[in-house]
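If you scroll down you'll find the structure; I have some questions about it.
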Amino acid sequence: MTLLRALFMRLLTMAITLFGVAVVVFFLIRVVPGNPIAMMLPPGATEEDITRLQALYGFDKSLFQQFLIWGGDVLRGDFGTSISLRQPVSELVLGRLPATLELSLFALVIAILLGGLMAFLGTLYRHSMAEAAVDVTSGTALSVPDFLWALVLILLFGVLWPVFSISGRVSPSLDFDFATNFYIIEAALRLRFDVVGHLLGRSFMPALALAIPLAAIIAQLLKQSLKETMHLDYVTLARTKGYSETWVILSEALPNAVLPTLTLIGVQFTFLIGGTVIIERLFSYEGLGNMAIDAVINRDLPLIQGIVLLFAALFTVINLVVDMLCVILNPKLRHA
Amino acid sequence: MYEIRNLRLSFPDMAHKPLFGAPPQIEILKGLSFDIPKGVVLGIVGGSGSGKSTLGRAMLRLLEPSSGTIRFDGTDITHLSEPELRPLRRRFQMIFQDPMSSLNPRRQVHGLIAGPLRLHGMEDVTGRVSRALDMVGLPQNFATRYPHELSGGQRQRVGIARALALEPDFILADEIVSGLDVSSQAQVLNLLSQLVDELRMTLAFISHDLSVIRRLCTRVLVLHHGKIVEQAETAALFDAPAADYTRELLAAIPLPDPYQEWA
Amino acid sequence: MGARLWLSGTWLGLLALAALFAPWVAPHDPLAQDLFLGRLPPFWMDGAEPGYWLGTDSLGRDVLSRMIHGARIALMVALIAGTLTCLIGATLGVLAGFYRGWSDRIISRLVDIWMAFPPVLFAILLIAVLGPGLLSIILAIVIIDWTRFARVIRAETLSQGAMDYVASAQVAGRTRFSTMIAEILPNILPTVIALLTLEMGIAVIVEAILSFVNLSISTDSPTWGGMIAEGRTSVHQAWWVLVFPLFTLFLTVLSFSQLGEGLKDRFDPVLR
Amino acid sequence: MSGFLDIKGLTLRLRGGPTILRSVSLRVASGKVHGLVGESGAGKSTIGKAVLGTLPRAIEITGGEIWLDGVNLLALPPRERRRRIGATAALIPQDPLTALNPSKRIGPQITRRLIDILGWSKADANRRARDILDEVHIPDVARVMRSYPHELSGGMRQRVLIASAFAAEPKLIVADEPTTALDVTVQKQILRLINEMRARHGTALLFVTHDLGVVSKVCNSLSVLYAGKVVEEAQMHRFFTQPIHPYSRALLAATPTYLDPDGSLQPVPAEVIQEVETEVHQHAQRAGYDV
């Protein structure tokens, strides 16, 4: 009952949020002074072009009518046609989404492994130099955003000691036909682990740049909740039973300490995905974010709207999944 | 001083809220009626979940009752709005259980006691603060300390001084010694009983500990699951407890005496 | 503990001085091009030209002078955008957390909607709409980042509001508004200050990102982000054009966040 | 008579800080209950932690011996010591609300250590858990074994913890303020249960509490602590009839009882505190460590 109600409430707020995003993005682009058509067209377009386009996009109607028409189309799955690329927005956007998803998930995995390891070591060696080292490292990693880490990584591992690729998702020389846009997953399913390795290597730098701040957040929060949990009586009790410290941390403390971190990862993962916009640009990675910047530069209104809505939908879905995961993992909520 | 009739208070139970519509109500106080005459020190005793703290907060109108009436000195305060209550507030004061939480950590002792005085436009604030410190037996130089620089017993004295300085007609003390060691507990209890005698205060003293209640109170009210199971003069209650629950409560107290019939 | 406060404070102080007196401190005109002096290396390398301490870029502009003038824009954005964002976001956060009810519902819903935007894309979009320029950048940062303050301050206010000192202010007869100002505000101030300096660092980064995608002030004005974008393309020929502004940016952002943490510790009388 | 637990001259200090325990000695014989009494900060819980090897890392042991069942624990390597404690001793903790792992069912919380540490078979461990839960008067044992902690009341959880402590037939149990968080009526039931279980199993019990009333109901002997030092060690009846140390007398006078409404409470007088402080200080100087 609790789970169902929570799910229903979440879906409701999700719908409201997405509607809000749609309203904001729609009116933001139009309410501000300047003719949206003029914004879309390259300089030097004729008067005729403008009139034609205005009719085509319905800009001769009132704003409110335009919104209703657009909203109706969106609900039917029609996001319009990109002006600069002359293809349906939904096709373009969904074609790029897998690249961004794979990059983000790879980054998430790195962040969880790195952050989890740091939190574990910091807890195991608490009140020692090792914990201080974890604190300083995570404090620095957290203070500097992914954009700067990306540049530092480019400088270190792309230029000074060029061991990793810093440009593109696949090497032009890779001889492999992908049937889907989920390259890594597809290669893994087809058991071509050489290709998986190649792809992971290509996206390691951008993924690491995205992962560093999140790893730091995970390290700090998880270590803090682990240390708090280590003071609780049931952990003391486990120690008196003769278990080793590592076992006590991993088996007694971790399952309970992980919940606040999990909640946080939800929000932080959406920030990470938001970061792909600029990181993909830096590493010439052919994802959604890179396309988004091009869309803004080319004044491609329908494409911008489509991408923003897709990001928003992705974010709300991630939050929903994390919330449900928390409910499932927390026995108090599960059985209430 | 206080006349309380058929007091009820409920909270919404969000854990069992249906998908649509209002959540069910959990009734904490189930129709309480009692009086606190002027000059009485009333002990309110009960176990956890008895509703004793909720009752205290309702009496001070930090919570609004669901039904029933609370009259303070003849005025019906049951549903008064906050601005209407404000002029009355000087007259009923409260000492909180946890002084670490109830004393603003960013104020010095002087500010903590003086703030409410200024609020009610009382004259000679400095003199009143210094007299209040005297009354609770704190040295004057404590005025410039912050709460975290005091011991638990000292913090609780500041809480008492703050309530006393306003010269209220009524004070509610909510479990004010439960967090203290026996020696500071004894000091605070002695202080309180001495002040009660000197100032002829009306006091309600909430506690889970009957031994403490007996030490201080003239009347006792026993709460159990949101209902009054017994109210009586202190001596009468301890000599001949009428309600089963009171007897059970008394029999369960371990006295520091190896020869007590207990098991 | 004091070390990071002093280190970060010193760096930011130096930067502020350099920015304030940029025309007198900078050895060259940051915009002056001289194609004969293109890609000069920094002073310790072979082929360096005296007076061009950190070398020149491909157009022969002095890197050090451009960085000093870039600091003006960076710090201006940091101060103005940071302060405005803080004022608006923290006010909304306190209102939502203290009064709860409908104000909380509206503000929280708005925050939810804002959080569904990828911030960098939002910023780029806003600049595209508002047009480039210092004012647009500041406006964009305020519009996007008020939610950071609103979220954190709301949560902090909620937890402070549950403390008994708030109930005791009510018992003493304080009005709600005065309780918020006199009792709660001093207790959330350290958090506000830490967030404020953090936000200043973020503002510098946003400006750099926008310059990087060529949407910031104008191509003429020397900005750190613009220099980084330029240096990125010629990193194999002239690494110094990328490394110096990148290092400065890194240090500045780090300093802002460490300054905030340091101040928060210092101004917290309660030992946590 | 040698005690089952024998602490000799145990001295602890905060790393780089003040001394916490000053040469504490005490013994608990098999089947007997020894109380540790004192106000907060006196170091009574710390002794229990030292015995069970759960001292916070900030505290270091600077001297003394802890003999458990004829073995000096402090002379063992850490791994060996952990095993030894796990096999012979157990803890009944203070707060039943935080002493059970909220994410695990009750059954495994009792059986895991029997299987992991003591090498029992799963079936044996389960049978044992059911028996011992039955013994602490828990109704519907099968359901409780499947429950999560939050589904049980505070008193019920404390029963589970007692059962868990006795499950492996330890020879020593440290009870750290086991009833402080409970209502008096529940406290009475729990104390009776502890007495009953201890008598049946012949376990030695080290009982940490601040409540002299509780001590008088449970213990055979007690040590009174002040500032990390034992100021008085006594058999129970003697202590309550003729307390020797002024601090003990002051403590008794400060404890309110409902039988004695008019006898005013005596807070511990400043002279007594002063006296004890001096005594502690001299003792510290004799032993040659800083205060």
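Every chain is named by a letter (A, B, C and D) in the order it is written, and numbering of its residues begins at 1.
Keep in mind that, in the parts below, contacts are C-beta pairs under 8 Å (C-beta built on N, C-alpha and C of every residue); 3 or more make two chains touch, one makes a residue touch a chain.
Small disclaimer: the values here were computed from a predicted structure and weren't measured.
Colleague: Can you tell me the least number of steps between chain C and chain D, where a step is a move to a chain it touches?
Modeller: 2
Colleague: Among the chains, which has its CA centre at the largest distance from chain D's?
Modeller: So the farthest one, by centre of C-alpha atoms, is C.
Colleague: Using CA atom averages as chain centres, what separation in Å is found between chain A and chain D?
Modeller: One centre to the other, that is 51 Å.
Colleague: Between chain B and chain C, what is the separation of their C-alpha centroids in Å?
Modeller: So the centre of chain B lies 49 Å away from the centre of chain C.
Colleague: If you average the CA atoms of chain A and of chain C, how far apart do the two points sit, in angstrom?
Modeller: 23
Colleague: What part of chain A is in contact with chain C in the complex they form?
Modeller: 13, 16-18, 20-21, 24-25, 28-29, 32, 34, 39, 139-140, 142-145, 147-148, 151-152, 154-155, 159, 267, 270-271, 273-278, 281-282, 289, 292-293, 296-297, 299, 304, 307-308, 311-312, 315-316
Colleague: Once bound in the complex, which stretches of chain A touch chain D?
Modeller: 126-127, 232-234, 236-244, 252, 255-256, 329-332, 335
Colleague: Name, in rising order, each residue of chain B that touches chain D in their complex.
Modeller: Per the touch definition, chain B meets chain D at residues 47-48, 181-187, 189-190, 208-215, 234-235, 238, 248-258, 260, 262-263.
Colleague: Which residues of chain D touch chain B once you look at their complex with the stated criterion?
Modeller: It comes out as residues 39-40, 183-185, 187-188, 191-192, 195, 210-217, 236-237, 240, 250-259, 261, 264-268.
Colleague: Contact residues on chain C for chain B in the complex?
Modeller: Touching chain B: residues 163-165, 167-176, 182-183, 186-187, 269-271 of chain C.
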